[in-house]
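Got a structure for you, questions after.
Labels A, B and C are assigned to the chains in the order they are written; within every chain, residues are numbered from 1.
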Amino acid sequence: MEQAGWILDEEQWKAWAGSLPASGCRVIAPARGPRGEAAFTKTDDADQIARGYPGKTQMSPKEFLFPRSETLFEFRLAGNTVTLVRPPRSDNKQVLIGLRPCDAAGLRRLDEVFLQDPADEAYEHRRNQTVVIVEACTEATPSCFCTAVGGSPGGTEGADLHVTRLGGSGRILLRAITQTGSELASAASASWARATEADFAEAGDQAEAVSSSIRRQPLPARTPELLEGSFEAPEWEVVASACIGCGICTYACPSCSCFDIADTGGAACGSRCRSWDSCAFGEFTKHASGHNPRPKQSARYRQRLMHKFAYFPSQHAGQLMCVGCGRCIDLCPAGIDIHQAVLALAGAARAAHRGADEGVPV
Amino acid sequence: MSKVAPAGSGYQTAGEWAPRIVAFTCNWCSYSGADMAGTARLTYPANVRIVRMLCSGRMDPLFALKAFEEGADGVLVSGCHPGDCHYVQGNLYARRRLEIFADLMELLGLDPRRLHFAWVSASEGVKWSELIGRVTRSVLEAGPNGEWLSAPTAEFSSAKLPEPGPPPRTAPTRDANAATTSHLRQLARRLLEEGEVSRVIGYAEGAQSDQMVPAFVETPEDAERLVWNERCYANLANYAVHRSGGATALIAKTCDAKSIAGLLRENQLRRDEVVVVGVSCSGIWHGDRLAAKCYGCDEDVSPLADWTVGPDGTARGSIPAAGRDTSPDPRDAALEALSSLPPDERLAFWQGEFDRCIRCYACRAVCPMCYCDTCITDKHRPQWISAPQSGPGNTSWNVVRAMHLAGRCSDCDECARVCPSGIRLDLINRSLAQGIKRKYGTMVSADPAVKTALTTYRPDDAGRFV
Amino acid sequence: MNATAVETLVPILGSITEVREETHDVRTLRLDLADSEEAESFTWRAGQFVMVSVFGAGESALTITNPPAQKGFIEVTFRQMGTVTSALRRLSEGEPVGLRGPYGNSFPVEEWRGRDIAFVGGGIGMAAVHAPLWDVLGNREAYGEITVMAGAKTVADLVYRNEAGRLRDIPGVRVIQVVDPGGEEPGWDGEVGLIPQVFERMGLSGRDTTVVVCGPPVMLGFMLQATTRMGTPPSQVITTLENRMKCGVGYCGHCNVGEFMVCRDGPVVSGEVISQLPNEF
């Protein structure tokens, strides 16, 4: 298939991307957070929108589709009459710009959860308003492992438009991946130069170069099956031994989608809210009776990994629920490395299989 | 200002607003005092809603937070005069706890005119009516508390906080670390071989080059994984709790040993469950800066240490520590800068901080002193801390966390290190600790036998109670 | 999805129209939907559950306990346990609740035709077997012998105790009530013991009986062992799971066990399925 793409210089790029807020879009772009870390933020500033950034943001952009907390409805009781009021929904287009390929892939995983039948209407509404502009990685950080889980620093999964800053030349390759993407670009694209095969090839080489700088080992074939068979493996205790049971990994994760629903306010008026929740918390599975099916932290850690690398893939044609962004590795207070943990578990399972096959006593 | 309104009506401003004040009163004195005022037909403004408690010692800061969250414009706590407590000393504990709470609220920029404390006896009906008049006037001056702790009227720019310490420099790559590491491995191997401990919890190289990760070593051979250097951030005390099957040797920096002392003090750990291996530490480094907590660290290896390991070897017991950087603690400069700001700007600063809280509870999880089976934030009957990860719940969570640690925090600064949102929990903890030191002369002790500041009192403690 | 579709996580409104005390801490509520059109179109199958809202307290997943043939209203039976059930208990007739559902799969009552069926409930577990029991009894002649075994800690804790008489009057229905040792009262003519043991003693044909069982996790484990010894194939031991749930539709992740979302892929499962799932119930 012929690829649609344009070559823009920095002026053209800034003129187009920077004008998105003025055209009525809510634009989310990477900015500097309070400690100098990169953070996705709503902005109207053309410079910031067009600038680009090294590495990745500290938190994933998922909160712009799946907010930290979201009011489902407000309720009011008068006598025995209840009135439910839904929060207003914005019909403004939302443009997420500067997502890394792993970020956009993470949003696709959220889609699998929230757009199943029945779809989550609030999510679906926001999703339909959202255009995703991915910016290919120009470098890999030590925690990056997208290539180990089937992703790529130049990947287009989940992207509507895809940007590659062609190394040092000030030229930007902008590709329309979806119809939505072409439409967003259509106002200006007539004035842009068409990209040539050489440009696509250059972008490909650049992604390849970043890929090869990722030193992390690919996951073994059939990792989901290997993990599935290792539910009782003693290695879980080892990989989870340092886990302190906070929710950082799940909250920073671009694909973790678990949430809690809670009422606030009193019996007369209040609201029902859903908020991010984490399988790392002991309360996550605790029954009202006090019975807890996952009483130990190692069982909770196992759930997170199994969900991402075994349960989800078995229901989604082998697709992992981890996109290899490495944020949980960067932020884990105890230095737990999810990639190493999966390798350890899969490796142990494979060794056990091999041992069984060769008749070696276990 | 306005004069006292007739009984049955509250202060009214030109508009609709009348201050709403929640008074938490002790059943035995102030509640009766209020009753007495009524019986004596003394007039005082009707802006006060009374919540009766059995003792002012029952006053949990959460009650005040909840009152503010639900729209109270002011809070009053009133108990028995010192010496008159029905339960002997409840009010004296309350005096310390609430004093520290009021300090914290002041740090956070709450208008002090909203928070009041008093002693009113059962016979002091007149004092009660005067008190309510005074409190109401004060809250009236402060104005409506429209939103949680009132919306900030000012803006805060983080540029106003000083740099966190001396300018960045290169962390010392100390040859001494290699020697300490080697001695540590030898000791760990020996302790495991001789069966003195079943495991050694220390540090090992992680996948990320600049972070050492907790290591759980159970065989003598495995001791080779252990390392010591200036990137050994984690406080490992947490990991020693709830372990069965033999004692645990715990590698502890001086600050970490204080947490061990805290866990011993509060019966979370038995002395025979843990062998404390103190390391001679010259400070830990985050990137190119010495950790703030290390500036203030002027203590030798903890007296709790059963062993001390340093570059020169291994010794039983505790030996003097390595040299310290004696520059002032950079947190103090930041606190000073904050306290010099007007309250509404301070409020703006903290609201900005708490707004970033994602309620991942890493601060709680990492803190050795946060060990409750069920945290107050997970309790739903009633739900003291509202669940949405924004607004009042975020403020309540951060205030309550700090209050629960007041006087107990061992200053390991782990909460601030792990917070993914970079909330300045270190400043809150530091401020409370400094306030306690100033007022009660005590810091959290490395000696498990010494009580923490808020679990004791002196009859003549100073405080805001009038 | 059309524009007027009810939002998945927003309840429709209903109210309590009847309150029945089952034991000192177990209650049955009849709930009617406020909107008659919604009531008309509200259909369910035995084994499905609803999310019941008490506004201000939250939601609780409760099995519908009346059979689907009773159109127009639903009943739920609950034990006062957590925040929501405590709040639900404070409500009285006429007060509003919210409802979402029905959710989950259901008991394969059609597949049981011609077979003997044993309905076994421990404590509040009786609530979960109530709808399929009465669904089956609504079509009595299609099934073989029916055994109902209701167990509880003490006599006073037996849920639906008053129904025993009505059940015994139906031909071919046997009712056995069991209490834990020490839970009996003077004059108690029921069984004393643990449900799995009493059940195994009863001399039912393991091969011909479908066992529908619900109770605490420990009891379930022993029932699976007992039925295995009796020769009941695991596919004919049916239970309903009750993991913590928040959304009821497979988004929120709370009830996830292995590849299973209890709310979406359950709650009704056979012993065969259980044996393939990780033990996280």
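Heads up, the rule we're going with is that contacts are C-beta pairs under 8 Å (C-beta built on N, C-alpha and C of every residue); 3 or more make two chains touch, one makes a residue touch a chain.
Keep in mind that what you see is a predicted model, and the values were worked out from it rather than measured.
Student: Have a look at B-C versus A-B and report the one with more C-beta pairs in contact.
Tutor: A-B
Student: From chain B, which chain is the farthest off, judged by mean CA positions?
Tutor: In terms of C-alpha centroids, the chain at the greatest distance from chain B is C.
Student: If you average the CA atoms of chain A and of chain C, how many Å lie between those two points?
Tutor: Chain centroid spacing, chain A to chain C, equals 39 Å.
Student: Go ahead and note the Å separation of the Cα centroids belonging to chain A and chain B.
Tutor: 34
Student: Please work out the Cα centroid separation of chain B and chain C, and write it as a whole number of Å.
Tutor: About 47 Å, centre to centre.
Student: Would you give the residues of chain C that are in contact with at least 2 other chains, written as numbers and ranges?
Tutor: 58, 82-83
Student: Which chain A residues sit where two or more other chains touch them?
Tutor: 260, 262 - these are the residues of chain A that touch more than one other chain.
Student: Going by the contact rule already set, what residues in chain B reach two or more other chains?
Tutor: 380, 383
Student: Give every residue of chain C touching chain A within the complex, in rising order.
Tutor: Those residues of chain C that touch chain A are 1, 5, 7-11, 13, 15, 53, 55-59, 81-85, 94-96, 98, 216-217, 242-244, 246-247, 249-254, 256-259, 278, 280-281.
Student: Okay, in this complex, where on chain B does chain C touch?
Tutor: Touch list, chain B to chain C: 380-381, 383.
Student: In the complex formed with chain B, which residues of chain A make contact?
Tutor: Going by the criterion above, the answer is residues 33-35, 37, 58-59, 68-69, 71, 142-143, 238, 241-242, 244-248, 250-252, 260, 262, 264, 273, 275-276, 278, 281, 283, 329-331, 333-337, 339-340.
Student: Can you list the chain A residues touching chain C in their complex?
Tutor: 72-73, 75, 77, 80-82, 84, 86, 113-114, 116, 118-122, 124, 231, 257-263, 265-268, 270, 272, 274, 277, 279, 284-289, 291, 293-294, 299, 303, 306-307, 311, 314-315
Student: Would you tell me which residues of chain C are touching chain B in their complex?
Tutor: Residues of chain C touching chain B: 58, 82-83, 86.
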